[in-house]
Amino acid sequence: MDVDKEYFSNINHRERAIFEGAISMGALFHQFIGTPVNKKTVNNLEIAIKESLELQPAIEKVKISIDLDKLDDAMTDFQYTSLTGDMLDVKIFSKVVDVLAIVRMKFIENINYPLMFIEDIIEEDTRKEDTMK
Amino acid sequence: MDVDKEYFSNINHRERAIFEGAISMGALFHQFIGTPVNKKTVNNLEIAIKESLELQPAIEKVKISIDLDKLDDAMTDFQYTSLTGDMLDVKIFSKVVDVLAIVRMKFIENINYPLMFIEDIIEEDTRKEDTMK
Amino acid sequence: MDVDKEYFSNINHRERAIFEGAISMGALFHQFIGTPVNKKTVNNLEIAIKESLELQPAIEKVKISIDLDKLDDAMTDFQYTSLTGDMLDVKIFSKVVDVLAIVRMKFIENINYPLMFIEDIIEEDTRKEDTMK
Amino acid sequence: MDVDKEYFSNINHRERAIFEGAISMGALFHQFIGTPVNKKTVNNLEIAIKESLELQPAIEKVKISIDLDKLDDAMTDFQYTSLTGDMLDVKIFSKVVDVLAIVRMKFIENINYPLMFIEDIIEEDTRKEDTMK
């Protein structure tokens, strides 16, 4: 079955890059929030999150950074805490043919919210290249 | 702060409707997969999933249906099972100004995958309406 | 297969009541933390959590209360927040034959931790009853 | 605050070792089920799961093994799948003072269930040692 033709012919490459990046960002938040974490385990947790999300359709690269100061602020008497949204800064690079969408999640203090938005969209202008030939 | 102006002026309404619907679909899958469920609890689980997702930005409505036959097939000796992706059929209605995106998740047997795609996008053609006045 | 005989003959009823209650408390925390919630959805979320956990082995009853003041404190500009451990007060009643264990989770401020502990264990003293006959 | 004295004086070391091990097993299942995984990412996922659970109270060691054949069986057209309970074989070593409880989760085919049970409990008989002096 040609999944692209069957299910994605109603949106363009730019829209699909946005779509796939957004799915993975929602997935990341709701899969990993609540995971026990401290400074010793934060690196390997970041690697596992990154690698698991990079398996999803169109996801080229995931950059994830867990804020060590906020990790410290949330520290319990048991020397670890649960991962929360305000600790996360994530960029997901989603590429569909000639369009790269960079989806970002970042905690915005004055709305008290881990906002997900499109940080950048880069489109290779293939028409221009063609014209210049 | 004007979140829309600050963070979403680089995408149009159609793209943002797709973006927000996709986030919520990724969220749904990764938040609720694994939840203990059987035929007696399936209704209230559907309600809780629906209501929680409808809180997210731009989400107007969520229709969720858990397949009772697949629930039966997965039944354990303890008379319940864990919610899995193949049991779910979901439509998320995401509306941004004049664009409604219907994001669907449906298990596609021949790719063995709970595929997320855009089932439909409905745009009110406001220009046409203006012209006709 | 006789699961009890095969897998649980190395612990007594009291120990198994503790065991099953503890599993369900760990399950509850890590399944539902991160769920979008506000005051309008909190009741149905509590019902879904309660019903899903009551399906697990030995779990007779789950009492769950989400702290509305803490929900308020965590409110975002989008009029909902993510469920966190400090909002939860839970009692899980786990019964194995003649022993009822009440497992509690409660946020303890001065250790900044959602502590899980045994609130009470009630054993029907069947030997005494036999003796008194 | 002396958490042990305040909250755990109603159970003995053996019971608490069982309690803490069971919490972590419930946590593991419900935190990580649903994570995208394939053969390339399975090792780092195992490490992240192991490290995060080893942070919890009393947990000395976690041994986790994801079944590669079952991973293969569940493979989708997108070259990954979601982690499910039947793929997991886990041992959690929970130690409280002189008692080590080994909590196991293992998928039991003929009940179609990822059963959690106590594989072994090892108690150092400190009284005997004292007597022998």
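To keep things simple, chains are lettered A, B, C and D as they appear, and every chain counts its residues starting from 1.
The rule is simple: contacts are C-beta pairs under 8 Å (C-beta built on N, C-alpha and C of every residue); 3 or more make two chains touch, one makes a residue touch a chain.
Labels paired with UniProt names: A, B, C, D = Dihydroneopterin aldolase.
Since the structure is predicted, the reported quantities are computational estimates derived from the model, not experimental observations.
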For the chain pairs A-D and A-C, which is connected through the larger number of C-beta pairs in contact? A-D
Would you mind working out whether chain B and chain D touch using mostly the same residue numbers, over half shared, or mostly different ones? same
Here the gap between chain C and chain D, centre to centre from mean Cα coordinates and rounded to Å, is 18
Chain A to chain C: how many Å between their CA centres? 33
Can you compute the centre-to-centre distance for chain A and chain D, using the mean CA position of each chain? Integer Å is fine. 29
Contacts with two or more other chains occur in chain A at residues 3, 27, 29-31, 34, 77-78, 111
Tell me the shape of the graph of touching chains, choosing from line, ring, star, complete and other. complete
Across the complex, what residues on chain C touch chain B? 3, 27, 31, 34-38, 40-41, 44-45, 47-49, 51-53, 55-57, 77-80
Would you tell me which residues of chain D are touching chain B in their complex? 29-30, 33-34, 74-78, 82, 84-85, 111-113
Name, in rising order, each residue of chain A that touches chain B in their complex. 1, 3, 7-8, 10-11, 14-15, 18-31, 108, 110-111, 115-118, 120-121
